[in-house]
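Structure, as structure tokens:
Labels for the chains are A, B, C and D, by order of writing; each one numbers its residues from 1.
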Amino acid sequence: AALEQRFARTIAADHRIEPRDWMPDAYRRTLIRQIAQHAHSEIIGMQPEGNWISRAPSLRRKAILLAKVQDEAGHGLYLYAATETLGADRADLTRKLIEGRQRYSSIFNYPTLTFADVGVIGWLVDGAAICNQVPLCRTSYGPYARAMIRICKEESFHQRQGYELLLTMMSGTEQQRRMVQEATDRWWWPALMMFGPPDADSPNTAQSMAWRIKRDTNDELRQKFVDMTVPQAEKLGVTLPDPELRWNPERGHYDFGTPDWAEFKQVLAGNGPCNAQRLAHRRRAHEDGAWVREAASAYAAKQAARAAA
Amino acid sequence: RADLAAYCLMLGDDALVLSQRLAEWCSRAPELEEDVAMANIALDLLGQARLLLTRAGEVEGAGRDEDALAYFRDEHEFRNVRLAEIDCGPGPGGDFATTIARLLVFSSWRLALFSRLAAGSADPVLAAVAAKGVKELAYHRDHAAQWTLRLGDGTEHSHARMRAGLDRVWPFVDELFTPHEVEQRLAGQGIAVDPAELRSEVDGVLDVVLDRAGLSRPALPGLPGPAGRLGRDGVHTEAMGYLLAELQHLARAMPGARW
Amino acid sequence: RADLAAYCLMLGDDALVLSQRLAEWCSRAPELEEDVAMANIALDLLGQARLLLTRAGEVEGAGRDEDALAYFRDEHEFRNVRLAEIDCGPGPGGDFATTIARLLVFSSWRLALFSRLAAGSADPVLAAVAAKGVKELAYHRDHAAQWTLRLGDGTEHSHARMRAGLDRVWPFVDELFTPHEVEQRLAGQGIAVDPAELRSEVDGVLDVVLDRAGLSRPALPGLPGPAGRLGRDGVHTEAMGYLLAELQHLARAMPGARW
Amino acid sequence: AALEQRFARTIAADHRIEPRDWMPDAYRRTLIRQIAQHAHSEIIGMQPEGNWISRAPSLRRKAILLAKVQDEAGHGLYLYAATETLGADRADLTRKLIEGRQRYSSIFNYPTLTFADVGVIGWLVDGAAICNQVPLCRTSYGPYARAMIRICKEESFHQRQGYELLLTMMSGTEQQRRMVQEATDRWWWPALMMFGPPDADSPNTAQSMAWRIKRDTNDELRQKFVDMTVPQAEKLGVTLPDPELRWNPERGHYDFGTPDWAEFKQVLAGNGPCNAQRLAHRRRAHEDGAWVREAASAYAAKQAARAAA
């Protein structure tokens, strides 16, 4: 009970919980689940963008894209490391991902169909991710907060690169402008869904906010994202595919339409356009690499034995 | 000058094509750390390729930039060694061991080459590009050597696969040390390195690594090209056309576009 | 007329894309007789594609011939169902059982469709193309059914693979019966067939074959497209871009050439 | 001995030996070896041309090429069937091919690097094959002779199609003309080597000619091919890569240079540009298909059992 009070005081004072501190089991489990889901999202997120590395239409864009996908693998590594400070095991979490027992962000269950998707993912998907993640830099668990600071910095960079690609394409040929518009049409609604269901349907939000793991509600973040993005779309010269989108001077915010939550639930339930494909890809990489990981362990064991002898 | 442009293309194409192959591992590596490492190496090589193709275009003086050279040349205009282009996986043509075997050979050879260019090329740009590349290639070679040890001295299965990987790439090794006339002419002027001179150094490096891994150099002859023409002559393997189709399709499909 | 051109593209692209996939088996089939059969089916479909694309170009009236349509359209302009484009092997994405599962579904569906077009399309060209195709498709369906029996009722291993093959292709089946507005409008004019009408007939055929093979229709939901847009809308899977890169690269690389 | 005399009389009278006729063991073995090698060549020959099916630059050329490669599979089937009339077993011959214990034509150990290669293979390689094979239509073993009649007919058709592709390309762009010339440069000498080593180095020719399996020497056929091809090259507008090539009015034939027989021997010994690749491809197709063939046998056995029950 003393421990529990101390934990509550730390949270209330907006101080960080560190790995050696006592914490409630539910807090630990919630964190592991959330951080793992975040890590899985980085790893699965390598696929839709990685899909265009071999076909990037200039060497500069190829280098930018390859570096970005590499960063995502790096983010996955920090985040798995953060879960390990909570006593989780990376191999176990990977197994849960592959077996479909833990989630990753639904946004990666949509296909990348043109090179404009690379730009739009940077702009909208990384943009939405940053909105979600900036508050997490002040989240109550120390290692997670510190990982998020680094990740957010890199993601802002990716977001700017994505937007810059789109600006370049919009100043290119008519065909390129059509590509950008078409990609925007496909990604806009899924990006809005990245903030999760409406607050009324989000049962875990209250506890997460009490623990200061989460600091804003889904709808607050969604609004913030829309307000930030509409002027960017105007500057770019693309139309966001929402006829209800307009400035509301009374609220001081943009009004916008309702995402297709039925689609959201379907994707969440595993039947999005690419769920099966993404998991099969990850599973295959994992299985094809098993003999390599075994060889590395065997070699390490031999080396340790030699050192001991 | 035509020779110098051709030489920059040779070294640039080697890097471009192997970078393309290594990037195929992205999101498919045996572990996350290796996804990062492969992407890193692919990025280093892509960086080398960009500098060298840009330089080739400048020396040529026909207004071609790195993208014109990468995306709008036909297969027979690519000057890379065939070792860079063969399909070592993750697809059906290979696997991780084959990838490591190629990287070990390629980076050992290129490091020896770049060390000499850095130390003494009469072309200052080439010397500078090589000096930058030497640090990168030393890391690539070290990375490949570490994995060669782990696979060669890991499990019985990994040992067998590492041997098979070496067997797969070995026929392409002789070509690395076969001088093209452009290389010979430029070597005479102190600009390039005659690759034949690198053989004993590279063999020595490989012997050390392979020996520690419980492996040895395969006794396989070099793979001839049609009528003796090799990658440096623009004569490639059947894998090259597919690689270029993927690399170039979008750029070619939208010729007036800016990216 | 725009609708008719679009409809010809839809049916033509189905055939073109599946032909491209089936031809990948050439020199890789499990036995020589199957090399011959797969090539035969690929050729029949290619023939259907050529007639239909040519007709689409004529109806469109913009001077595009079969090659302009096959080689110089971008991915989002292709109107084929996604079942035709997915990678069912021989590469890493599939195998012979998956190929047979797709062919069984595709040819049963297309035969039902072409039978109706042949019997009653108000467009005489479409009716004639369909009439010719009916005989071919009956052979394709029979061939796929024979193999479904052999694999389903062969060894335990082949049974398991045939099941896995059906599972792999099944998410793409619903789309075959999902009418596009072009199809609905043309069906209203007696030119096209509303594919929704084909479902019970095709299900019946599949049930007979699968039942005899000791298999059953997988209980898997249809795979949605982004925002509900499917192949007929020009929204494809990630496999499509690679297929087109290979199909189109040479033609695009030499735009003024005659072949 | 009576049988042997009858066999000799049949040969001398230029009549056909049929499967049920007595024949010397050496004749049988020679025939099996030769027909199997020919069958293997058709099968391996599918690869270099098959390499361009997916990338053929027009639908018409794609159809022609696919049909041609299909014909090659068909030729393989007739020829294996002919060996079976001699008591050979197709599975056994396939195993010998895959294990490198039986040969196929060395020409297929060169890569196809551009689409012009498809045309040049039709023109030169099929052209040389026809020169080799037309006399085999009158070979002494009946089933082989009949298979060859059908095959030669189809190959003449392929040869004309290849030449027609080249004519079309030569009337196209400068780049296309260069492709044709470059492909001709690569394939000319290997095509000349298809007739085998010079007569002086061809120990089996005499016996094969005595048995009327073979009807012309290697050098005779090679000369015939050159004489036939030079005017075709002129009509096409390509230069054959042989500085010694010129009309010799005294001989009434073209003189020509000496192929690189060292290269020929190297390719024959297994170290041509594609030997390993071709065999690996064949082996992989065979191994990957094993479970399918097993399923087909198991099914056939079940069906037979059901019919018997």
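The working rule: a contact is a pair of C-beta atoms (placed from the backbone, for glycine too) under 8 Å apart; a residue touches a chain by one contact, two chains touch by 3 or more.
The structure displayed is predicted, hence computed values, not measured ones.
Enquirer: From the C-alpha centres, identify the chain that is farthest from subunit C.
Expert: When every chain centre is compared against subunit C, the largest gap points to B.
Enquirer: Once you count every C-beta pair in contact for both, which comes out on top, A-C or C-D?
Expert: By number of C-beta pairs in contact, C-D is the larger.
Enquirer: Taking each chain's centre as the mean of its CA atoms, how far is subunit C from subunit D in angstrom?
Expert: Roughly 35 Å separates the two chain centres.
Enquirer: Take the average of all CA coordinates in subunit A, do the same for subunit D, and state the distance between these two points in whole angstrom.
Expert: Chain centroid spacing, subunit A to subunit D, equals 58 Å.
Enquirer: Report the inter-chain centroid distance for subunit B and subunit C in whole angstrom, where each centroid is the mean of the CA atoms.
Expert: Using C-alpha averages as centres, the distance is 40 Å.
Enquirer: Give the residues of subunit A that touch two or more other chains, as numbers and ranges in rising order.
Expert: 55, 175, 284
Enquirer: Scan subunit B for residues touching two or more other chains and write them down.
Expert: Expected reply: 74, 92, 245-246, 249-250.
Enquirer: Based on which chains touch which, is the overall arrangement a line, ring, star, complete graph, or other?
Expert: Contact pattern: none of line, ring, star or complete.
Enquirer: Could you list each pair of chains that touch one another?
Expert: Taking the chains two at a time, the touching pairs are A-B, A-C, B-C, B-D, C-D.
Enquirer: Using the touch definition up top, name the residues of subunit D that touch subunit C in the complex.
Expert: Against subunit C, subunit D makes touches at 43, 46-47, 50, 53-63, 66-67, 69-70, 73-74, 76-77, 80, 115, 165, 168-169, 171-173, 175-176, 281, 284-285, 288-300, 302.
Enquirer: Quick check on the complex: what are the subunit A residues that touch subunit C?
Expert: Going by the criterion above, the answer is residues 48, 51, 55, 110-114, 175, 182, 185-186, 189-190, 260, 263, 266, 271-274, 276-277, 284.
Enquirer: Subunit D touches which residues of subunit B in the complex?
Expert: Residue list for subunit B touching subunit D: 74-76, 92, 171, 221, 223-228, 235-238, 240-241, 245.
Enquirer: Hey, which residues of subunit B end up touching subunit A in the complex?
Expert: Checking each residue of subunit B against subunit A gives 16, 20, 23-24, 26-36, 39-40, 42-43, 46-47, 49-50, 53, 66-67, 70-71, 90, 95-96, 149-151, 153-155, 157-158, 161, 246-247, 249-251, 254, 256-259.
Enquirer: Contact residues on subunit B for subunit C in the complex?
Expert: Spelled out, the residues of subunit B in touch with subunit C are 74, 91-92, 242, 244-246, 248-250, 252-253.
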